[in-house]
Amino acid sequence: MKTIRVATFDGAGTRPHIRSVPRPKVPEWAALIRIGACGVCGTDLHILRGHWPKPLPWPLTLGHELVGVIEEKGAALKADFMGQSLAEGDNVMLPPLMSCGECYYCVHYPTHANRCLNPTYYGRYIPFVKPPHLWGGWAEMVYVDLEMFPATKIYRLPNDMMPLRGSLSEPLTCCIRALNRAVSADGFHVGDNVVIQGSGPIGVLTLVAALEMGAGRVVVVGAPEEPRLAICRAFGAAGTVSIEEYATPQSRIDAVRDVVGGFGADLVIDCTGHPSAGPEGIEMLRDGGTYVEMGQFTDAGLIETNWHRICVKDISLLGSWAFTPNDIPLGIQMLHRVGDRYPWHLMQKCFPFSEEGVSAATEAAMRMRCVKATIVPEENLARST
Amino acid sequence: MKTIRVATFDGAGTRPHIRSVPRPKVPEWAALIRIGACGVCGTDLHILRGHWPKPLPWPLTLGHELVGVIEEKGAALKADFMGQSLAEGDNVMLPPLMSCGECYYCVHYPTHANRCLNPTYYGRYIPFVKPPHLWGGWAEMVYVDLEMFPATKIYRLPNDMMPLRGSLSEPLTCCIRALNRAVSADGFHVGDNVVIQGSGPIGVLTLVAALEMGAGRVVVVGAPEEPRLAICRAFGAAGTVSIEEYATPQSRIDAVRDVVGGFGADLVIDCTGHPSAGPEGIEMLRDGGTYVEMGQFTDAGLIETNWHRICVKDISLLGSWAFTPNDIPLGIQMLHRVGDRYPWHLMQKCFPFSEEGVSAATEAAMRMRCVKATIVPEENLARST
Amino acid sequence: MKTIRVATFDGAGTRPHIRSVPRPKVPEWAALIRIGACGVCGTDLHILRGHWPKPLPWPLTLGHELVGVIEEKGAALKADFMGQSLAEGDNVMLPPLMSCGECYYCVHYPTHANRCLNPTYYGRYIPFVKPPHLWGGWAEMVYVDLEMFPATKIYRLPNDMMPLRGSLSEPLTCCIRALNRAVSADGFHVGDNVVIQGSGPIGVLTLVAALEMGAGRVVVVGAPEEPRLAICRAFGAAGTVSIEEYATPQSRIDAVRDVVGGFGADLVIDCTGHPSAGPEGIEMLRDGGTYVEMGQFTDAGLIETNWHRICVKDISLLGSWAFTPNDIPLGIQMLHRVGDRYPWHLMQKCFPFSEEGVSAATEAAMRMRCVKATIVPEENLARST
Amino acid sequence: MKTIRVATFDGAGTRPHIRSVPRPKVPEWAALIRIGACGVCGTDLHILRGHWPKPLPWPLTLGHELVGVIEEKGAALKADFMGQSLAEGDNVMLPPLMSCGECYYCVHYPTHANRCLNPTYYGRYIPFVKPPHLWGGWAEMVYVDLEMFPATKIYRLPNDMMPLRGSLSEPLTCCIRALNRAVSADGFHVGDNVVIQGSGPIGVLTLVAALEMGAGRVVVVGAPEEPRLAICRAFGAAGTVSIEEYATPQSRIDAVRDVVGGFGADLVIDCTGHPSAGPEGIEMLRDGGTYVEMGQFTDAGLIETNWHRICVKDISLLGSWAFTPNDIPLGIQMLHRVGDRYPWHLMQKCFPFSEEGVSAATEAAMRMRCVKATIVPEENLARST
C-alpha cells in the first residue's frame, strides 16, 4: 500500500470525501495502525449536524471508536499505556479522550482526569491538513506519534479479541465508569434493580455493564420496539418500556414500577441525551436511590426541575462524563471476559469504507435503524483474532 | 403546678392562643417534661403561613426543637433510645421525626429511615384535643407516652448541657447528616473548601458542622449583612458573599470563586429553600465536586435546570432530608464537644412563653431579624446545667 | 403424616438417632415446614467433632441450610421478612442466624446486626426436648413460631427455585456479604483479580459471587484436585493452585502471581478456616490490595504474623462473619438470577434422610469427598419448583 | 555565606560530623533553601541505630522533616507541586518521599503512590559525596534540582506559618492519611470514639488530626506520664492510659473501655511501632470497628495473632504507610487552620545546629525526653513568618 485512503468532511452537513495520502515514514515513537473497525458515535452525529459547541478544524477525519492492527511502528514505542509490550501485528485501540497526565486535574484529581485541562483527541480536533493526514478512524489507517502528541494512549487488546468486538470497548468503558461512579457513591450494589433510559448503543452497553457488575432486574425504557427494545431483551433486560406505547412520563413511571416492584428502582441511568430524562427518571427511583446522568453529554438545553424532589426523596444524582485513562482497561477486559455470552451480532451493523458506506453508516445511526453502526475497511481484518 | 399552659394555633395565619390544661397522671411508660427551650423552625413558619402541603389537625401546638427536664415519669420508662438511663431531673430532647422502626424503610434501608412510612411527629400532627393536650414544644410541658406512641424517641442530654444550647441539637443533626451524605458518597474530605448557600439557622449550623468535620475554608452566601453574615464570620466563615451586594448569579459565582480559589469549591450546600440555589450553586463547584441539597425541605416550585452541566462537570448532587434516629446523638455530642468554642449567644434570641412572646418569636424568624428565635418558658431552666 | 421423623444427636461424636414426634397443632403465628433440602455446614461438623466453644443443649437437631415448603401455617403469619406474602405450598428458607432487631447492635449498627447480642438459632441452640421438637433441618419438618421466637425470620423463595438449589442461598449469602465488605471498604471493583483460598463449599460459592459481582480473573487455591479443583475450574476459575502440588507458602504465592500477573491480586479471600491462610494470603496481594477474612469462623488458634507487612503493603484486611437479615435476599436473588449458568450438580451431593444417610453426609463432608453434602428427605420435593 | 555547613554521619552508631562545603551555583531548575527547622524522625533513629533494612550511601546527611526559606532559585523553577508560585524568600517544605509520577503505581494506583516503584528521598539515599553535597535537612542549607532529580517536590507554606511549625506538616500528613484510609473504608465517622496507641510525635499528631476530623472522645495509651501523657491531655485527649501503670494487655483494654464506654472504641490506631500493638489493640474495638496500622513502619518482627478475632469481630484492619504527593497539602493546611489552638510549644524541643546539638537532639528523641526533637540552625528564622 503506497497510498492510504482517508474519509474527510469539509464541514457540518457535507458528505464524506475520501482522499488518498502517501504512506508516511514512521519515526521512533510513532506507529501506523491499519483500521479494523471504527464505530459511529453520537458525538460524530452531533458534529455532522452542526451541533458541536466548539470550533472544529475542517476539513477533518471523524471516527474515534477505533481498533486496528499495528502495521508498522518505531523502535522506541515498546509498550502500551498499561505497560504491555507492543509489536507489529498486535491489535490495539485508541481512546478518543487522551488526558495529558500533567495538568492540575490529571495530577491532583486523577479520578476526574476526564476533566483534563489539555486533552488530545484523535478523530476530531487534529486537522486533516496536518501531515501525515491520518488522524481519525474512518480511514484505512491512523497514525500516532508520541513525540508530536505525547498524551497519545494506546491499549493492546487481548490476542483473541477481533477488532469488530474491540471497537465496543470505548463506549462500554463510558458505561462502566458511569456505574462505577454509583459504586463509589454507595449507590449501586449487587442485586439492585436498575432502570436504563435509552435503548441506543450506550443503553445496550450499560445494560451489559450493569448485569456484569451484579445488577438484579434491569429495565430499559426506549424505542423503537424493532430493532432496539427487542435487542435489549435479547441482551438480558428483564423488561422494556416503549416510549411509543407509553406516551406520558407518568405512564412510563408506572410501567417501570410494575416491573421493578417495591418502592421503585435502586438505580436509574440516563442514556438518552434528552433533557426530559432527568425529572422523569428520578420519579422512577425509590427514596434513597441513585440517578446517574451520563446521557446529557452535550448541551441539549434546559428543563424545568423540582429540586425539592431531590431533597425529599433523599436521593443521589451523579454526573458521569466520558472516562479516565485508567478506565479503558475495564472496558476491554469486560468485553473479553463476557466473550459470546451476549448476541453482539444483533447490535453491530457493518458498513464498508467508501463514500457511500460512510454516508450510509451515519444515516443509519441518525435514523436509529440499528444500534451501533460500524465502519469496516476490510471484513477479514475486522473479524480476525 | 396544677394546670399547664400550652400555646395553640387555630389555623394558618392565626395568632397563638395559650390554653390551660390539667396536669395529667403519668402512666408506666409515659413522662411529663418541663420545657427548657424550644426553637422556631422554618417548618413552623411554613405551617403558620399556610404553605404546608398536607392537612393538619387544628388546633395544634407547634414547637419541635425541644429540650426539657423530666418532671415526672413512669416506672417502666427507664432508658432513652441510646440505652442511657432516664431519671426525673434529667435533661432530654425529643426529635421531631420519630421513625417507627418497623416499616420497610426502617428495617431494610436503615440509613434512609428518615423516609419512614409511618412516622410519629410531636409538635405538628397530634391534635391539641387529644388528651392530655401536651403535644408540642411551645408550652410549659410536653407529654410523651410510649404505649400511645410507641415510636416516641427520647435522648438524654449530657449533664452539663443547658436546655437552651441543647435545643440546637436537632437542627445541627440535620446539618451533620447532610455532610455525612457527602462523606458517604466520597464527596467531602478533610481540607475541602465549602460553600454554604444561606445564612439562616441551618446555614450557621452547617458552618459549624463543616468546620468540626474538617473543612478547609468555608464561605457563606446569604443576607442580611447584619446580623446574619456578621454572625457567620464570627462563627468562623473564611468569607461571606452578600446577595444584596452581589445581585446576579454570575457575580456571586465569581465572588465565591475569588475566596475559595483554584477551580471552585469542593462542596456546596444549599441551606436556602429557594429553588434558584441549585442551578447557581453547581456553578460554584470545581469539576468533580459535590452539591448537597438540604434546603428544599418543602416544595418551593420548579426551576429551569441544565442537566448537561451535571454530566459534563462530573459532579455529585445529593439530597438530604431531615435525619434518622441514629443521627441525633451526632448532633448532641458535637454540640457538647465544641462547648463554648462558638459564640452561640449571637445566634439564639430568646422570647418568653406568652402569647406576645410566641408571636414575637415567629415574627422575628420570618423577618430574619435574628438567626434562631427560641421560646423559653423559664429563663433559669433554659440556662441550667 | 401423623408423626414426623427428626434426626437427633445425643452429643459430640455420637451417631444420628432418628426419633418420631407427633405432628403439632399450628397456632396463629406458627408454621410447619416440610424439608426439601438441608445442607451440611462446616459448623455442623465442628459441633459433631466436639470443637464447638459454647455449651449445647443435647440432644439436639442439626441442619440450618434449610429450605422447605409450607405444609401448614397460622392465619396471622401472612408475610415473610421482606414483606412478601406467605401461603401454604410456598417454598421458603430459614437462615441460621436470626438477629433480634432490638438490641444495641441491631438498632444502632444495622450493617453489623450479625453481631446481634441476642440472636435466635434454629438447628443448634433449641433443645430437642422442647415441644414440638422440630427445631432443625435434618428432619422431615421444621416448626417455626413467631410468638415463641419473635426473631424468627422466613424468606420466601422464587416460585421456580427448587429447594435443593435454594439450600445454597444461605452459604452464598455469607460469600456475598464478605465481598460486600470489600466493596464498602473500596476494596473490590469490577475487573479486579481475585484469589480464593479454599475449595470447599464456601470457596466455590465465593467464586460464583465474585464472578457475578464483576471480578476479572479468579484463582482458587485448594485441594484435592478431584473433585474440588476440577469443580472450581468448571465453575469458572481462571486457574487453580493445588496445595498438594505446591507444598510451601512461597511456591503457592509464586504460582498465584503467575496466574494473576502484574503486582499480585487485588483481592484475596480466606475460605479455609486454617490459621496459616492470613499471613500467606496477604503476600499474594499487590500493594494497596484487600484481604477478606471470612474463613476463621471458629477459633482455630494463633499464628505468627508480621503486622509490618500490613502497614508497608498499605493493604486493607476485613473480617466478615456470617450475615445480617438484609443480606439474605442477596443470596436468594443471585442464585435465582444465575439459573443454570453454573454446573450446580457437580457441587451438591444428595444423601437420603435416614440414620445411614445423615451419617454418610457428615462423613463425606468431613473427608472432602464432595463439595456440599445435602440431606434430602424426598427427592421429588427437593427438585420441585 | 561563602561556605555552608552540613551534618554528616559516617555510619550507624557514629557521631555527627559537621563539614563545610562551598556554596553552589544554582542552575535554571534548582534552588538553594536555607533550613529553618528540621525534625528528628523515628526513621532517623532507626538508621542511626543500624536497624535500617537497606544499604545506605555513607557518609550521608539525615533530616527530612524539613522547612526552609528559598535563598536562591533558578528562573525555570516557578511553581511548587500544587501550582503555587515560588519566589526567593518564600517558606517551603520538602517531603521525604517523592513519588516519581511515572511508574505503574503512580499512574495506575494514584491513591497508593506511596508505593512508588522509583521514589526519590532527600535526607537518606543521596550520598554526601555527590556535589553540591547538600542533600538533607540537618544542615544550614539543602539543595534541590529538578533536572538532577525530576521527582523532587516542593510545597510552599502559607506566608504566616513559621518554619518551626511547618516542620510538623510532614508527620501530620502521615497521620491524616492514616485517618483518611479509615474514612475511605467507611471506618471513621464524625463522633467516633478513638484510641491512639502511642504517645510519641505520631501519637500526638494523630490526636490532633482525629480531633480536627470530627472524632468524639480520644484516648491515648502510652508513656511516660511526664512529659508525654500530660502533653496528650493538654492537646485534648479525653483520657490517657499509662502502660507503666497498666502493665498487662487486659488491664489496658479494660482501662480504655472504661473511658470510651459502650462496646469499645470505634477506631484504634497503632502509633507505637511495637508488634504487640495489633493483637492488643483490636480487643479495644467494638465489634464492627476499625483498626489502622500505621505504627509498624519498619519491620519489628512477628507476633502471635488470632485471625479468628478479626473474622468474628467483623472488623476492618487497614495498613497506612507514609503518604502520597497529594496528601501533603492536607497536612500543611490543617496545621495552618488550627493555628494556636494546640499548645505546640509543649511538643517541640529545639536543638541548635552543632555537633553537640545534633547529638543531643537524637539522644533526646531516643530516650523519649521530649515529643519531637527539632534542629534549628537559626532561632530567628525558625520563628519568622
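For clarity, chains are labelled A, B, C and D in written order, and residue numbers in each chain start from 1.
In this text, a residue touches a chain if its C-beta (ideal position, glycine included) is under 8 Å from a C-beta of that chain, and two chains touch if they have at least 3 such contacts.
The structure presented is a predicted model; accordingly, all values stated were derived computationally and were not measured.
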item: Size of the rotation, in steps of 5 degrees, that lays the CA trace of chain A over chain C; value: 180
item: Classification of the chain B:chain C interface as same or different, half of numbers criterion; value: same
item: CA centroid of chain A to CA centroid of chain C, Å; value: 41
item: Intercentroid distance (Cα basis), chain D paired with chain C, Å; value: 45
item: Residue numbers of chain A (touch at least two other chains); value: 104, 184, 186
item: Contact set on chain B toward chain A in their complex; value: 104-105, 109, 111-112, 114-115, 181, 184-187, 262-263, 270, 275, 277-278, 287-288, 293-308, 310-321
item: Partner chain B, residues of chain C touching it in the complex; value: 82-83, 101, 104, 107-108, 110, 326
item: Parts of chain C lying in touch with chain A, wherever the complex brings them together; value: 176, 179-180, 183-184, 186, 189-191, 209, 212-214, 216, 329-330, 333-334, 337
